[in-house]
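Next up: the structures, one after another.
The two complexes that follow have chain A in common; it is paired with chain B in the first and with chain C in the second.
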Partner chain A sequence: MKFTITRDNLRKGLAAVAGSVPTRTTLPVLSNLLLEADGDGVRISGTDLDTGVSVRVPGEVEEEGAITAPAKKLQEIARELPSHPVEVSTRGEIVSLHCGKSRFRLNGLPRDEFPDFPTVDFSQRWSLDGGQLRTLISRVSFAVSTEETRPILNGVLWQIGDGEMRMVATNGHRLAKMSQPLESANGAGEAELIVHPRALNQVTKLFDEGDRIEVARSENHLVFRGEDVNIFTRLIEGPYPNYEQVIPRDNDKILVADREALNAAVRRMAIVASDQTHRVRLAMSGSTLKFSVQTPDLGEASEEMSVDYDGDALEIGFNANYLLEVLRYIPADEVRLSFKAPERAAILEPVGSAAGEGGATTAGAPDFLCLVMPLRLMD
Partner chain B sequence: MTAPRRILHIDLDAFYVSVERLHDPSLFEVDLLIVGGDPDGRGVVTSASYPARKFGVHSAMPSSRARQLCPGARFIRPSFDRYREASQKVMGVLHDIAPVVQPGGLDEAYLDMTGTERLLHPDLSEVAKRVQTRVKEETSLDSSVGGGTNRFVAKMATNRAKPRGVHIVPPGQEAAFLAPHPVGEMHGIGPASVARLSRLGIRTAAELAAADPERLAATFGLRAALSLIRRAKGIDRSPVHPPEGPKSIGKETTFAEDLSDQREIRRRLLALTETAATKLRRKGLHARTVTVKLRTADWTTRTRSVTVDRPLRTDREIGEVVLGLLDGLLRSGARIRLVGMSLSGLEETVQAELFAPTENRKDVTDLVDGLRERFGAEAIRWAGGMTAPRDRSEKPDA
Partner chain C sequence: MTRRIRVLPDRLANQIAAGEVVERPASVVKELVENALDAGATRVTISLRNGGKTEIRVADDGSGMGREDAVLSLDRHATSKIVEEKDLAAIRTLGFRGEALPSIAAVSRLNVETSDGRGEGTRLRVTGGSLLAVEECARRRGTTVTVRTLFFNVPARAKFLRSAAAETRAVSEVVTVLALANPRVGFTLESNDRRILELGPDSELRARLADIWDREMAEEYTPVSFSRARTALSGLIQRPHAATPGSRRTYLFVNGRPFTDRSVLRAAERGYTTTVAQGIRPSLFLFLEVPDGEVDVNVHPAKAEVRFRDRKAVEAVVEEGVRRALGDVDSTPTIGARAPEVAAGAPAGSKAPSRAYGTGTGAAGEAQGSAPAGSRVAESQMSFFMAGAPADDGPGGERSMEAPLAAEHAAPPLMWQLHRRYILSETRSGLIIVDQHAAHERILYEELMAAFDRGGKPGQRLLFPLTIRLSPAEFGTVEELSGILARAGFEIEPFGGRSVIVHAVPDPHPYFDAERSLREMISELTHGSALVDAARNQHQRLCLSFACKAAIKAGQALSREEMAELFDRLFATELPYHDVHGRPTVIQLSLQELDNRFRRSG
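Here is the complex of A and B:
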């Protein structure tokens, strides 16, 4: 194998796949990247077996071939190289890089040792707008669970339906849900996929607004295909819990507040909240929202703000972190909170539309909803 | 300089014996009365009447030994519900008089009377007498009251006051009051420390107060050494503060005979777990940490504990963790003398779940607690925790 590539294209290609290389692995070849040279140019791929990224970068191929080489060292070298074309060649399992007057020889591993990416049939596929997909992911995937006890909640539920697609994520304590209208799903029909957020983060990193993304699935895998980029991921096996069932329909106590002001107040209260429970107490009555925090052995804090509140007086406790996360991702300047009772889920939703949000094609308020379960106040 | 504090310590005289006598007045006729476990088994003495104490009987002594020392004594089994009830009454009276009350067990409490000079009486011994009289009037229980400028001195003064007396150490007299006390009588100094002090030639509080800190530090460490000297001089800055919530809830039991049947051991431990879990729920708490304790026939004690992500509440949730821990501790064939378990990392607040798989279980738990509340702990149990007739030598709460 022998090809020449500009330093910047090499850097770009390596940066794109770097995120898919596992930091620790028992399979040495996974610390390597697969370099392939053929008639179309140069392809660089990396995987941790659960997700994989493969990018095509322009390069002048002199001799076709493939090899794997240590990802971290390739990246470090590319970062330090002068701005000259880089000649990459192999002899046996040795990879050589020549750039200006610098020469590197790295021990590689043969191509055969690198796992094959799954083959997925693209005759049935969805064709999606990069911007829409990015919006959904960036608003929802924060809510996934990071605990290993319920693997299903480690994934984002992605529902593709007739004229609409939706993402849902939850850790069992708080939940985010967002929908986007879909002009054309191009034939692959309706689907419910549970996708690891690592793959979705790659999507937001490697696809831009305006990009067309084609998505197809096999039994166990999902592939996002762009012009030069492929992202593969192993699907998490369902079923996903019935989230529709836990979204309250009868929350009748409504509070509307400025998102930034609410966020700032919760942040202040959180300073004195318990390190374990992060509990803050909210008391609403009339047009006043009163926050309070008491933490034994530490101290207490309280704050009042004027809000638009419609409903009977209510006291409810929350994990401040959950409130702050949700407030950070709500795509509007004003937020609407609705409650039923101190032990029932609260709903947080954006009010009106915010400029530049909800994808390029939507009008009005983005269809975004968060649930936060309270901390029961025992005293 | 601020005015000295006015601290009282009240100790109910032969509390358990007195409560038993109030419950069954015929016992007033019995001079030699010992409340405690079975002298034929492994029970220990909970409390003894003053005449019985003259024979050398004291609490925590094996009941069998107590019978050797005082063969004529009548033994009765303790009934802790009765003691708890009586104690609550006493604490109610104390709360009525004192601004700050810190119970130190069922039968004693510290009272901070600072600032009550005009409200009650400028003379602390008058205040002490009033406390004593009111407790006697309202609960029929005798008590001894000690007083001074701090908790330690007040507690030591109570010993001097016993029984039914009052002893107040005036401000400035603390060291002089303590001086003649043998170090072994100083509250907080155990037999091991007494032996170490004795090797250094220190036998009384006066000698301890005058000891060279560096010499003591070589044996006890600097911190402990300084603390010992401070105590002996009658200095104690610790505040009287109202009790906090419990730090742990636990139960343990010593078997009448060592057990090696693993299923039986499991069963006993589950029964303890139910009791502790019921108590946990009654206090409106949840637990994050579960500990299991095992003592084998040769007195080797091993504990194992685990802290879980989600706070535990139901018998079943806790039981599963307890059994898991037990499996890690039990060696097949081992003869087990004692099992115990405790719940700690207690929390009042609980994160509600969106998808609550335990909702049904929670209802069952509430139902079970309701039944136990009405008909007693034995009314309903998990089948796995069912035992043959209750072990008669079970020790009370650890």
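Here is the complex of A and C:
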């Protein structure tokens, strides 16, 4: 194998796949990257078996071939190279890099040892807008569970339907859900996929707004294909819990407030909230929302703000962390909270048009909803 | 009619009294050594022949006696130690009744040589209580008492003496107790010219332990020092991890006087609650100082028991003193050499004491789950303990998604997670190794116990309630404990048959597996375990089980912020150095030990 590539293209390619190389692995070849040279140019790939990334970068191929080489060293070398074309060649399992007057020879491993990427049939595929996908991922994936015994909840549910796609994530304490319109007659029909957020993060990193992304699935894998980038990921096996069932339809106590003001107040209260429960108490009546926290041995705090509220007086407790998270991801300046009772789920939704929201092209509020389960109040 | 009741002659009365005071050579030694100590001796030499059955000799360099005093000392109730009734309430000397010497004299051949350092010494020879001779002799200041052929005139008693070896052992134990109580006095014990104990003068307690037993044994102990009102507790107690089920040593002293008292021991054991496994009885060397009049030592003929005027207060001081000692970093195990002790209150590096390090979320300032005084102690101690946190790598932009409240401006101290199991952190004197699971157990235990005191802990309502099927016995447990479970944050309802539905659970950390923890807890609470069976009540039982099952597991990767929070909360607990099973949470590795191993001097 022998090809020549600009230093910057080499850097770009290596940076794109770096995130998919595992930091610790029992399979040594996984800490290597696969370098392939063929008629289309140069392709660089990395994987941890669960997800994988492969990018194509322009290069002048003199002799086709493939080899794997240590990812970390390649990156470090590329970072320090002078601004000259880089000639990459192999002899046996040795990879040589020539750049200006610098020469490196690295021990590689043969291509055969590198795992094959899963093959997915792209004759059935969805064609999606990069911006829309990025919006969904960035607004929803924060809500996945970190607890590893229910792998389903570690993933994001991605529903692709007729005219709409939707993502949902929850850890059982709070939930985020967002939808985006789809052009009809889109490819491979309806599907429910459970995707690990690691793969989705790669999607937001490697695809831009305006990119077309083609997505296809096999039994166990999902592949995102762009012009130069391929991302594959192993799907998490479902079924996903029936989230529709737990989203309350009868929350009739409605509060509307400025998102930033709400966020600032909760942050202030959280300073004095208990380390263990992070509990803040919200009391609503008339047009006043009163926050309070009491932590034995530490102290207490309270704050009042004027809000639009119509409903009977209500007191409800929440984990401040959950409220803050959700408020951070609400894509609007105003937020609408609705409640039913102190032990029932609260719904938070954006009000009005999206604040600088790319992708949410329809008029009015984006179809975004968060749900937060309360902390039971003891007293 | 002849009179049948008559007053006993003195000799017979003394023989009868001797029955109470003098039982065997060990009791003779005890009385004589106590006299020596009361006389201000700095060195006491005890020599035995044939286990003391043939001869006991006790020599001291105390104040000695003049001739008249010496003769008078043989009379019953002749004593220099109390003059009038009120003195009895303020006894500071070991002896006071004036019974010892005449009692011993009544049942042996006694020889006393004594001198008060003025002029000639005096020698008394007594046989079976009869003073045979009073002679002058040459002697330096001090007293030597020689007791030969003990019980020669009371054959019934003599028959009950055990083997020479057994009697020697008993004497050795008596000398040990007195030597512990008086580390500044030198003791020598010889048996048939063989030296059994050689304890130099001017010692202190730990060194004395090392001299009596061995150095490693002495290193297993951590100091106690606590006082409240006018009752003070000091001494050494065994570190929990060193305590074993067998072979226990307990020595109690009040105002320098040894005593036995089961309920004081039990108070000390209460101080150890949750730091040792069930059935482990740590060794104790405890010294109480109480004001005159607070203790009555005149209860037992051999003064083995005492009576406290306010027993509850004394027990409270013992329990609390032990507990505080166990809250100190010195109660942790070390790898090799212990760091030289740093004077408490030394400035804590560059950081303010109340914020030596931390997540900046108010964690360290919050006195979780313990009496405010107790946690302040733990915290200020930690601040002097932790190295000044190097602020070279503030987390800057990496705001963690999971915990928006986590550190944004604090620079956590340098910490490393080792194999996702242990956390290493630099301290002022070396490094500490924290077991993340054990540490979190201690945190959850104390936080839940404290929450129970204030009515309970809120449960996080679940979007998807859990349905759990239980065995009949487990179902019974859940029904029985439903009130306590609810206060711990578990909202559980019957769900037909033996199933229950769980609507709310505690939320102790982001990796908490509520279903598995609850299942394991219910099983443990139903079938019992060494851990929960040690609990005093159902609340503690639940707390122990919850702590064990809900704590962060070994194998869980933790972020720097999470490690910092774990430290904050651990050192806000009352007993940060011990988990709930009797295992340490923290092991220290001192710089000195590293220097030793790398053969670096100085």
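The definition used in the following text is that the second predicted complex is superposed on the first by the 372 of 379 C-alpha atoms of A that agree within 3 Å, B and C clash if a C-alpha of one lies under 4 Å from a C-alpha of the other, contacts with A are read in each partner's own complex, and residues count from 1 in each chain.
Operating definition for what follows: contacts are C-beta pairs under 8 Å (C-beta built on N, C-alpha and C of every residue); 3 or more make two chains touch, one makes a residue touch a chain.
The structure displayed is predicted, hence computed values, not measured ones.
When both complexes are overlaid on chain A, the residue A:2 reaches neither chain B nor chain C.
Measured by the number of chain A residues touched, the leading partner among chain B and chain C is C. Residue contacts after overlaying the shared chain place A:173 against chain B and chain C alike.
In the superposition on chain A, contact of A:147 is made with both chain B and chain C. By the touch criterion defined above, A:345 lies against chain B and chain C together after alignment on the C-alpha atoms of chain A.
Applying the stated contact rule after C-alpha superposition, one finds that A:221 touches neither chain B nor chain C.
After overlaying the two complexes on the shared chain, residue contacts for A:272 are found with chain C alone; chain B is out of touch. Legend: residue contacts after superposition of the two complexes on their common chain; A:320 is shown touching chain C, with no touch to chain B. In the superposition on chain A, contact is made by A:298 with chain C only, not with chain B.
Legend: residue contacts after superposition of the two complexes on their common chain; A:373 is shown touching both chain B and chain C. Applying the stated touch rule to the two superposed structures, the overlap between the chain B and chain C interfaces on chain A comprises residues 147, 149, 170, 172-175, 241, 243, 246, 276-277, 279, 296, 317, 319, 343, 345, 371, 373-379. The part of chain A that touches chain C in the complex is made up of residues 142, 146-150, 170, 172-175, 241, 243, 246, 267, 270-272, 274-279, 295-298, 317, 319-321, 324-325, 328, 343-345, 371, 373-379. Across the complex, chain C meets chain A through its residues 361-363, 365-368, 372, 375, 401-405, 447, 450-451, 454-464, 487, 489, 491, 503-504, 507-508, 510-513, 515-516, 565, 568-569.
Residues 244, 284-285, 309, 347-355 of chain B touch chain A in their complex. Across the interface of their complex, chain B is touched by residues 147, 149, 170, 172-175, 241-243, 246, 276-277, 279, 296, 317, 319, 343, 345, 371, 373-379 of chain A.
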